[in-house]
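Going by the order they are written in, the chains are A, B, C and D; count residues from 1 in each one.
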Amino acid sequence: MEMNEEKRRGQGASDSEVLARTKAVLGPMGVMIHTHSQHGDDTLVAHAEDVLKVMEFLRDDKSLKFDMMMDLTVVDYLGAEEVHPYLKPMNARFEVVYHLYSVEKNHRIRVKVPLPEDSPYVDSVTGIWVGADWFEREAWDLYGVMFRGHPNLKRILLYEDFVGHPLRKDYGKMKRQPLIGPVN
Amino acid sequence: MKEENREKGYDFHEASRTETMTINMGPSHPATHGTVKFFLTLDGETIEDIDVEIGYLHRAFEKECEAQKWNGVFPYTDRLDYTASVLNNVGYAMAAEKLIGIEVPERCQYLRTMISEMARMSGHYTNVGAGALELGALTAFIYFIEARELLWDLIESVCGARLTHNYVRIGGLTNDLPDGFRENVKRVFAKNRKLWDDFDIMLTKNRIFLDRMRDTGGISQKDAIAWGFTGPCLRATGVPYDVRRAQPYLVYDRMNFDIPVGTTGDNFDRYLVRMEEIKQSMSIVEQCLAQMPEGPINVDDARWRMPSKDDSSTRMEPLIFHFKQVIEGPSIPVGEAYQAVEGANGELGYYLVSNGGGKPWKCRVRPPSFALTSALPLLVKGSLLADLIPTFDMINLIGGECDR
Amino acid sequence: METVIALIKNPMVIEFIVTMVKIGFIFGLTIGFFAPMLAWVERKQSAVMQDRVGANRAGVFGFTVIGLLHSLADAIKLIFKEDFIPRGAERGLHTLAPALAVIPALVVFAVIPFGGQYTLWGLDVNLVIADLDVGLLYVFAISSLATYGVVIAGWSSNNNWSLLGGLRASAQMFSYEVTMGLTVIGLIMYYQSLSLVDIVAKQENFWHWGIIWHFPAFVLFLACAVAENKRVPFDAPEAESELVAGYFTEYSGMKFVMFWTAEFIEMVSISGMCVALFLGGHHIPFLTQKFLLTALGDIFGPDWGGVVVMLIGVGVFITKLVILLVLQMTIRWTMPRFRYDQIMKLGWKMILPLSLCWIFLVGVGILTGVMPTP
Amino acid sequence: MAINIKKVDRNVTMTFLERMYIPYMLHGMWVAVRHSAVNMLGFFEEILAGKSKRRVMTLFYPEEYPEIPPAYRGKPVLVRRDDGLEACVACGLCEAACPPSCISIIGGERDNGERFPVSYTLDGTRCIYCGFCEEVCPKEAIVMSDRFQGLCEYDRSKMIYDKESLLVPRRELQRRLDTIRNKYFSEERYR
């Protein structure tokens, strides 16, 4: 059993090195709110305004080289703010979660950006990773998080005349949409 | 010459200007064997612009999971990549176990590895067979469908269903191997290897197939990484990234297999990589069967699994716990975890967030074909309409997985 | 009663009756026998090749006759299917197109000899409907008419996909007629005649069969013929994966059947041409007509002997036909499809130059006497 | 335990034979012809020596019945005990565990105090045959039989199964009950 324990801790390069590197550089810039390494996933929480700065650093830094954005999603913490300590003080409700991976260095990082309820805006990272285009459109479509600077931010999974953003916690599971007839 | 014409006011360019034709391809077009719609602007036969529209098979997977208990999510994960359902089950189960921090016993790890590789074979059979079908090689397609049928009968004898396997649970599996399974595997794999050779003879060296597949839908390594390519399409460009090798999980680090890697990243490389992976998966399944130890298939800790029927039908506490477990669902500790598994199309990631209740707070699937399809315009713009078909096949968009 | 007998004796009427019988035989052979049979062969052969059983359910009182009745069931079903003309389609042209596709395929048979010349009861019978001395030119002229049917079908169905299919089909058929013509010129120089009847007559000796000395031309001719008929691997016009079903997407019921039978009949006519040009028509490899007539003459008597030899000749012709059909069917099920521009490139840049070189070689061969002309 | 990388042969420079279409097309056609020859032989052998010799993999479905593995999850049915009553005690666990929630039970008590389901409806139109009901049932009362025929009807209301249409005597389900007992009960395997 213990061999697996160590294996899961040491996923890829020694992660403390990844977090240490990010803390060393980003710390003084006052960008980071919190970092943790739960279950072996290194996580970095950053302010919404500095997303582009953090992401460019993570991609261009020689020892990190996060050249692939694996996944981008949004978590709605309405009613579960106590899951993360830093959410309550910032009265943040949404949290945009980026999962990055470095093909060369074979290590991962999760960057989280808490967003308040009334102004869920964050800069789009399509400039850094082209693949983020559709992920951001899906985040807008299902959660209603706006990405400034996105080439064409429109719904991707749902039809254009869908009202509301279904994956928000206040969107009831049994909620019905108004029926839309054929256009012509 | 041009000046005189211009003085006379005659502009050849204007006279010979052709208009583009816009065509709707899909959502129920024979080539889009998932439900996806291409809005094509054609100049004659060359594709000037293509707008991919997905979402026709969106069944609100995440919203459904948030209303289900942790164990009730498994039938929904079956229906993501329905050509290789167990891979999704294994991915979700491992993400949940990572969130809890438990490790399943040895035999269960071997069983999960084996059934994942069988599901990967089924996924590749469907994809490569459909790729050959779209190019007209009907007999080759039927050979791979026959191989898949035999494989599905094997999976059915283990999981209980051919397509929606629903075989894995948090902390273990539903049942163990049926008896006579090893002989069946030997018989079926012998036949499948013969069918693999037939398919290979008919297509791999056939110049018509080569001309159609080669130098179409290519992508460079840099672009592939930028667009988030993973799986066979990324390995076709030469990047040897495979989650089983980069970050081994289950017992892949005890297996002895190769990762096929292409060179230029066009359709023919993707085809060859998938064909080679079928053979590698077969050898992994055989190695698993050989090294599989005896022992329990479920984790020993009673909190995370259904108590054994002996206890719950004889002693009081397990029965009460059984009722609590079924009605409220296992209460998984607060936290978040991301676990990546090598799916049939690429890295299949599960990001689970729990706030301590019996229901997942957030159950996000990282769909590999989502990123691949977003790059389709880059692969196809400027090429012929007929090249869109093999490119779209080799990207292997599975409607269920991409639209969730 | 006497006028009727007088009428029959009159040579014009006999000639008319004999031609009608021949036309009836050809019609019966192609539409009556081969079209349904080929539909059955396509199902059964593809099934057996793909480890399955194929058609075996349609049956009368439990007799399924290994699936033969499926073609009958198809015909009946398609007769009663709704004959749908899409909105905004050109009604007139939409119904005209299938006819334009079927007629050329049928009419090509007029020139193909399916047997030899025999004198039965003082009546000399020549088993070809029209013994034209420009047979080959007639064949190419007629087969180029089929292109009209396809283009009109594509354009008139008011559907983007069928328009694309129609354009592709016309370009392909047009360019492969040119190459088909060129591949056959070598034979014409070899047999010094355009009439198919003469060509077949000259192939009585096995060593003068077209395939012996003109094997490359045979292969090229077959490739062009398959392309002309838009069968796999040249079926870009009706590539179901790309263009839904090409030019006959909007056709249903009997009009669809006409396109379908046009394809089968064209397959049969191509094989008939191949047999006549390259495989020695009704001749059996090492048995000359004279030997057959004398041998069977004394068994059955001169006239009946002639009839038996005629039947054997027609039988041999049909077996060679079937062999070529099965070959085309096997190609149909094993080959992937060319891309449209590759078909064009193959036609113009590969088969055309090859056939030109072959013509040159045949010319050199005949002049230097290396190639013995019959 | 090496996981090494294997370069895939791209066959960039085609040999002359490959550049000429014909040779490898014939090789492909030979594969298809070989399959058809073997299958035709299989047909004749089948006439002579019976079904086992048939090479083709198709099963003549209505006439021949596919052999169903023990783990197969078919139509969920209620077990009728030997004394004619249903084994179910209306505890409602299957109702709670069913993902598409297609089971609805109204429980009641017999005069001898034994609980039983007054009405047990299973909505066949929503059931996804996932086998959760069988897994959670403490009394082995609901079981996934190996029936796969007659599951769909032309009229939805016929697919709402009530208690009577679900009950199946225990004898017919013995094979499945043994598999479950083997699956969940066996002490050493499950511990």
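Definition applied: a residue touches a chain if its C-beta (ideal position, glycine included) is under 8 Å from a C-beta of that chain, and two chains touch if they have at least 3 such contacts.
Given the structure is predicted, the values throughout are model-derived calculations rather than measurements.
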Omitting chain B while every other chain stays put - resulting connected groups: A | C, D
item: Chain at the geometric heart of the assembly (C-alpha centres); value: B
item: Busiest interface, counted in C-beta pairs; value: B-D
item: Centroid distance [mean C-alpha coordinates] between chain C and chain A, Å; value: 66
item: Inter-centroid spacing, chain B versus chain A (mean Cα positions, whole Å); value: 24
item: Whole-Å separation of chain centres (CA-atom averages), chain A against chain D; value: 41
item: Chain B residues counted as touching two or more neighbouring chains; value: 139, 146, 202-203, 206, 208, 248, 253
item: Touching two or more other chains - residues of chain D; value: 25, 28, 31-32, 35, 57
item: Residues of chain C touching at least two other chains; value: 49-52, 333-335
item: Chain-to-chain touches, reported pairwise for every pair that qualifies; value: A-B, B-C, B-D, C-D
item: Chain D residues touching chain C - in the complex, by the definition given at the top; value: 22, 25, 28-29, 31-33, 35-36, 39-40, 55-58, 60
item: Touching residues (chain side chain C, partner chain D) in the complex; value: 45, 48-53, 219, 330-331, 333-335
item: Interfacial residue positions of chain A with respect to chain B in the complex; value: 1, 4-5, 7-8, 11-12, 38-41, 43, 67-71, 73, 75-76, 80, 82-83, 97, 99, 103, 106, 108, 110, 129-135, 138, 142, 155-159, 166-167, 173
item: In the complex with chain B, residue positions of chain D that touch it; value: 1-11, 14, 18-21, 24-25, 27-28, 31-32, 35, 57, 69-73, 91, 93, 96-97, 99, 128-132, 135-136, 138-140, 144, 179-181, 183-185, 187-191
item: Touch list for chain B against partner chain C, complex; value: 21, 23, 29-31, 45, 132-140, 142-143, 146, 202-203, 206, 208-209, 211-212, 384-387, 389
